[in-house]
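Mind looking over this structure? Questions follow.
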Amino acid sequence: MMRLSPPNYQKIAQTQSFDAVFGGSEANIGISLAHLGLSVAHITALPDNDLGYAVQAHLRKYGVETTFIQLNPGRLGLFFCEAGAVMRPTKIIYDRYDSAFDKVAKDSFDWEEIFKDAQWFHWSGITPALSENCAYECLKAVKTAQKMGLTVSGDIYFRSGLWNYGKTPQTILPELVANTQIVLCDEAAMELYLDIDNQGFSKNFAEAAQQLMAKFPKIQKVVDTQRVSISASHNQISASLWNGKELLQTAMQDITHIVDRIGAGDAFFAGLIYGLLTYQDDQKALEFGNCASALKHTIVGDINLSSVADIERLMQGDKSGRIRR
Amino acid sequence: MMRLSPPNYQKIAQTQSFDAVFGGSEANIGISLAHLGLSVAHITALPDNDLGYAVQAHLRKYGVETTFIQLNPGRLGLFFCEAGAVMRPTKIIYDRYDSAFDKVAKDSFDWEEIFKDAQWFHWSGITPALSENCAYECLKAVKTAQKMGLTVSGDIYFRSGLWNYGKTPQTILPELVANTQIVLCDEAAMELYLDIDNQGFSKNFAEAAQQLMAKFPKIQKVVDTQRVSISASHNQISASLWNGKELLQTAMQDITHIVDRIGAGDAFFAGLIYGLLTYQDDQKALEFGNCASALKHTIVGDINLSSVADIERLMQGDKSGRIRR
Amino acid sequence: MMRLSPPNYQKIAQTQSFDAVFGGSEANIGISLAHLGLSVAHITALPDNDLGYAVQAHLRKYGVETTFIQLNPGRLGLFFCEAGAVMRPTKIIYDRYDSAFDKVAKDSFDWEEIFKDAQWFHWSGITPALSENCAYECLKAVKTAQKMGLTVSGDIYFRSGLWNYGKTPQTILPELVANTQIVLCDEAAMELYLDIDNQGFSKNFAEAAQQLMAKFPKIQKVVDTQRVSISASHNQISASLWNGKELLQTAMQDITHIVDRIGAGDAFFAGLIYGLLTYQDDQKALEFGNCASALKHTIVGDINLSSVADIERLMQGDKSGRIRR
Amino acid sequence: MMRLSPPNYQKIAQTQSFDAVFGGSEANIGISLAHLGLSVAHITALPDNDLGYAVQAHLRKYGVETTFIQLNPGRLGLFFCEAGAVMRPTKIIYDRYDSAFDKVAKDSFDWEEIFKDAQWFHWSGITPALSENCAYECLKAVKTAQKMGLTVSGDIYFRSGLWNYGKTPQTILPELVANTQIVLCDEAAMELYLDIDNQGFSKNFAEAAQQLMAKFPKIQKVVDTQRVSISASHNQISASLWNGKELLQTAMQDITHIVDRIGAGDAFFAGLIYGLLTYQDDQKALEFGNCASALKHTIVGDINLSSVADIERLMQGDKSGRIRR
Amino acid sequence: MMRLSPPNYQKIAQTQSFDAVFGGSEANIGISLAHLGLSVAHITALPDNDLGYAVQAHLRKYGVETTFIQLNPGRLGLFFCEAGAVMRPTKIIYDRYDSAFDKVAKDSFDWEEIFKDAQWFHWSGITPALSENCAYECLKAVKTAQKMGLTVSGDIYFRSGLWNYGKTPQTILPELVANTQIVLCDEAAMELYLDIDNQGFSKNFAEAAQQLMAKFPKIQKVVDTQRVSISASHNQISASLWNGKELLQTAMQDITHIVDRIGAGDAFFAGLIYGLLTYQDDQKALEFGNCASALKHTIVGDINLSSVADIERLMQGDKSGRIRR
Amino acid sequence: MMRLSPPNYQKIAQTQSFDAVFGGSEANIGISLAHLGLSVAHITALPDNDLGYAVQAHLRKYGVETTFIQLNPGRLGLFFCEAGAVMRPTKIIYDRYDSAFDKVAKDSFDWEEIFKDAQWFHWSGITPALSENCAYECLKAVKTAQKMGLTVSGDIYFRSGLWNYGKTPQTILPELVANTQIVLCDEAAMELYLDIDNQGFSKNFAEAAQQLMAKFPKIQKVVDTQRVSISASHNQISASLWNGKELLQTAMQDITHIVDRIGAGDAFFAGLIYGLLTYQDDQKALEFGNCASALKHTIVGDINLSSVADIERLMQGDKSGRIRR
């Protein structure tokens, strides 16, 4: 997707230009992981025009492999994003339907080939919500990944606004979740999967996560993030993880002067994956994810351009922002 | 529609921002006419979101009445435009389907109310190409206008690339043309309407125009424009008009350092309409249109912000561009 | 007036360009009210050149009727505004004399025609301070409005720096105030009108307001705003209203990261007028004004582009700035 | 003065910002001469505010001495300049009255002190047109300069639009011209000074110049420039000089892609003065002036930032624009 | 290298910012070839800091393999480039010494590994001019390439200004040329290699090329480009090639409104290599190179972002720049 | 030096342009003092090209005398500066070696002539760290200044990263310090000069300062600044001074929304020098320095463009940032 944002806190009503960055949840996570030094390929379909080529170039620029990307007829999904400040919320207008990705053909990806040397596969709840074919390919990918021994992670949030192709999340998502090891899951999603009501859940994340694991036994870790939104300019973030044995919780990061909040969730998940792969320590991985997410708030655009050293310095408690020479 | 253009001759492959202007053929003509001092209302449907409101504000800014515009669900049509230079062509990527306008409901405009105090109605061949409902409303508008005694003008170009809703131009356009007095028509369009081949036509515009009038007796004037494209930076333009009696031809305008060529055709048609309403002299009206179009090439954006005095000065032969204080 | 501001916190000593926005207290209020959905006309005189036309276009863009505006010889008033930050104050250099508005001819506005379908008239203490003719027309407008049954509101601040045409505020303002129902009035203004000293006043706003009402019996509501300026980047605002019976006070809005503070007072007054016309509830109207003013601090330019829904959400206490999709 | 120009060929009707440069004929000439390596002081009065200080800084930046400049109440003269292209003329809106310079006090400059180590004094016909006091000081300066043995040059163009303080050019200018050695003079000016009609003059520059010298015997050289304005983007310039003995004429410089034409006349005069002081050869001086002027057309802003080497390379015929490393 | 250019024709004396693009002859050629669809790796050493990483990202963005690039201590070479216009030349200030590339260690590249699957190796005369180690590695690369059967091309221009490490081009270049098949060679270079004088050469390119081949028998094709610099804004280009049998010459391309001339030579050589690899037809390859170079003049930045289709369209004579939709 | 910074919080990995400002510790201090109204000359060597001339123009613009500056071969030192936010640190990449200043010839400055009418000389610990010749000239300057009765101030920080020409700070700095009256000295520097360990020092600044005075008896005042870096966006600063009798300490300035932190130390020292010269009161001078430094954080670029009145208003406790008209 392309994000189009009026510059300098202007509103859409005022602007004569839009800053353009490419994003999309899975692409952001892929770029973050490549930037942190891992070997990453992004799987999608892009329009066969200069906009699609620009997205490919964007992925390549940050080190993501683009060999498996299809170039198809269709448009590039867009969203317009008016950055908020203080009590004025950031506003997003989606314009994402009929994209080349929505129209991907069934069985057009060779998942066995794609996963040949891979270790991890990540999907998000956006993909199965877009079209029947997207849901079909997503499920095929997840099952192939499981069969071939990859770790599968998924952001299994329930995005009720997206589902407009005739299927409901209840009929599609559970089979995907059942084939996933690491899940990012908030309250609304838990309700969907567990058939519980909201109030029960918020009291006890560990208990709900445990129920989720009981229902979907392949799940190994359930993750959730917390955001205190003091204003559009000032947020506080933290994260929790239930790994079946203990409930882990990060320190809170206080982001007092937000530069660009979009993509912070993706930065978290990329950081978490990096941490799990690198540290073999759930607490460190979770902190790494939360610190990555905090730093993303200080960076323009959808992607977290922080280095491992930058994130580890913050993990060690250096929030001073002192000049580095 | 919104035009998104990389600034400063950048290609889409390079840009980090897009200059945004609102356009669309009929809107551009309406704004030009309002800018020249006439009273104009624009009839369309816009998305009921900040992008749609911004289009309304754009029309109001330049003096166009927006009372009759519908705000509907749907998106705003877009196009991406990479400005060329010298031998590098300007490139346009359309992203216009599923707009709020395409989805306008049948009989949702009250044309009798809209035309109550009106004198002229203009339509373009884009509208009936977009959707069945658009074609339905366009025809209804044209017929109502005829019934109520308005002059009807139409750019009856045949845009083969647009028709994708199941109907063909051959089944829709003739009835529209049959209810139009002033038509802008190029060779390809003549072929469509007259069932003649291209080579015959280009030899004799007057004869072909006369045949068109014979077939569609309400037509009073047939207009065509000529553009010699020496390069993307240097064009020469002129225009011809057959009024049933004589073939009129403008002087050639030599635009040696093009600033922005988009919208020049709309500037021509607006100038022609203004001229016909003002001068009662076909030759002067045609020259006014051609000079308006020439000046548009020197102005950023889709619309011709030249004043009547600016255009008349050029009609009188002052191409010197000398500083005016 | 046109505001010219160096971009990106630059000082005038550094800048190579100025961001330009149009403003002026009454125009800002008119645009706010039109943006909130009311039908508004702005009455002024503008220079008969491209700058004057641009101001007209600006008003039209935001939905304000410009039919009654005169185009006269003279210049457009300007001010240069260097935005401050933290302990560095915003600096304004006025360059406003000899404007087309100052030179408006006596009896050149037909107030009976202007007010024919109107319900409300608003003036500010700037107008009578500019020239004898401005004062004459302002008084004529106020009296005609009273006669025709409009509600009249006025920002009756005493701007001592402006009066340079030979008259004093003491000789001109009281007659205007005497014909006004809703007045915005600070301490300095109260002193002027009531002949009291400053210390007495600040102790008891309600008492002073009551005295003002006693002296000018047409006044129905006296309003004042409070601003705690912690720094140029952080302000806290609230407002009070005495309606002859009770003293109302808003909640305080804490604007921790100011984007653009200019026009916040106008946003307040527009919000108050909208609230009084809409809610029939002084407390709600006052809160609406204060929340409108708070949101204006987060928006670039002189005018408050918040919607009714945006402002009401803040009135209901949502200061979180969470992303809206 | 400050020039405010919409960027990138935008019209005032479109722009949201203005590029700002400082200019004014005499200041531009002074800066050019300083840039060419001469020692120059500029004499004027500026407003005692940040805009005035910025003009001082601008002059200092380019090496002009600012010691004698007065800081007075009043405003800074402005002009708005909409750059044209091809057949669209550049448009200027002046907003220059009531400047701090207009209001300079009589006898507030100590010309004897100012001229102590000086060799040359330049004035333009703008100064005596602004106010009675400006005319008074200009005449006093010219006479003092003559008395102290300086060479005096003047651009004696007749700017009929400026004179609005009650005096006419006919009553003021002749005494100034009578005390000037080097005059830049076009046809309209010649008519004013010689009481001849236009047609007679244009036939024979040398003869008219000779008549001027006969009437004002201190004049040693009469200079005129010719500009063929093919379009706003393409001009051809040349210059002539009558030195009492021969009529000199430069080669024509063909400026096919104008970048910024404002200040080209000032660049010419500065180049001429530099040439006369340096080469002791009227033909070379005239060519230097014409080449300086041509190069100015390729430079953004009011001032000619070309070096002596740049100009001499063009004098020697190198128009190739080949890259210099 | 990084090119830093003042925007919008500003001079270094005026600018407050620099547009930054990455370039360098061999990198530009590599990117062009990758953009045209070939598989390309770039071999260099970059500074081990964010500037070096940005160059890597730039190469990756456009599809160039960066695996073999070294990250070393040292700086990134820079040049400042002030774009000229009309008679004002473009000016370049180099700041390239002590770069990480200059300091590359001997035998730090494993050329046999690098060339394992390669078909072609290109070097330029810049590399051996930078440092003794650069010359050493360049020679080693060329010899290894020859041994492994790659085609070797070289731009063997003699850059006298660069050689400052103690060796002369005469002692270094001949051995490199002796191991190269396709050479780009101008008059000055021919003199160096052939010990002939300039006047003799320019009369007969084919004869001189033949002599060069006689001296260096591995050379198969000698190429030269011609540029007529009418002004900094208007150039005409063509190219010639001697293949031992016939002298081929392209059509002339007339670039009437140059956008950015830097990198046009690299675009030519990349086009030539692409053409030789693709068409097996020297004339077509040469035309492809010249058309690629012409299009580069219309594109901002160092690299030619034209597609094969864009270049072939120009080869077929379409210079019209008509809008492509 | 030139500072090149990506605009709008972009990282070097993202930017397509760099904002350019000129800086360097001593130049910043000189400009601040000139801006505050003192007569200042800057002594350095600059490259003899357009970049060097631009630095001269920058100094002249702000009123600094440039007569004594040498124009030599060599480059201009650069640094790239990526502005941080919240927990993301500002990052600096230096590219400063081989500058024209490093290569200054021994005895090429005539210090007796330079100091003829001077009262004060300031040096920083950067200069002797750059090259042997720089150290030689710095020592010569300091000794000449002492001999001629000037007050000498020095920022004697120990910049271990810079010393790469073969000498150590221990062998060079003490003789410079021994000839300085006012020293800015932090803990690391004290250790170097006093051979004490860090922990001892931080407990008692006054005692360490007294030891320094004991060792270098010409020192009259020892100054240190304190910065609490809450984040890259929020710092608190204060300063202390030991004058041999009492330990003075400023109020803390809380900079909650930093605009640009670079140059704040130089603003402090300039303010201190101004204060010492103006107030004859160490406490006021120290406060003036700290307030100058605080205001610098709110100003874009390296230099403090605050006026004496601006700084004194802050000294008197007005941190409100209220609009000044």
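All chains are identified by letter, namely A, B, C, D, E and F, in their written order; residue positions are counted from 1 within each chain.
Quick note on the criterion: contacts are C-beta pairs under 8 Å (C-beta built on N, C-alpha and C of every residue); 3 or more make two chains touch, one makes a residue touch a chain.
What you are looking at is a predicted structure, and each value in this text was computed from that prediction instead of being measured.
Shared contact partners of chain B and chain F, listed by label: A, C, D, E. Counted as hops between touching chains, the shortest connection from chain B to chain E is 1. By number of C-beta pairs in contact, C-F leads over the other of D-F and C-F. Taking shared numbers over all numbers used, the chain B to chain D interface scores under half, which places it in the different class. Relative to chain D, the most remote chain by averaged C-alpha coordinates is A. In terms of their C-alpha centroids, the spacing between chain D and chain E amounts to 46 Å. Residue positions 7-8, 11, 13, 16, 57, 91, 257 of chain A are each in touch with at least two other chains.
Listing the residues of chain E that touch chain D in their complex gives 8-11, 13-14, 84-92, 94, 161, 229-234, 257, 261. Contacts from chain E toward chain B in the complex involve residues 7-8, 253, 255-259, 294-295, 297-301, 305-306, 310, 314, 318-325. In the complex of the two chains, the chain E residues touching chain A come out as 57-58, 60-63. Every residue of chain B that touches chain A in the complex is listed here, in rising order: 4, 7, 11-13, 15-21, 49-51, 53-54, 57, 75-76, 78, 80, 82, 91, 93, 95, 97-98.
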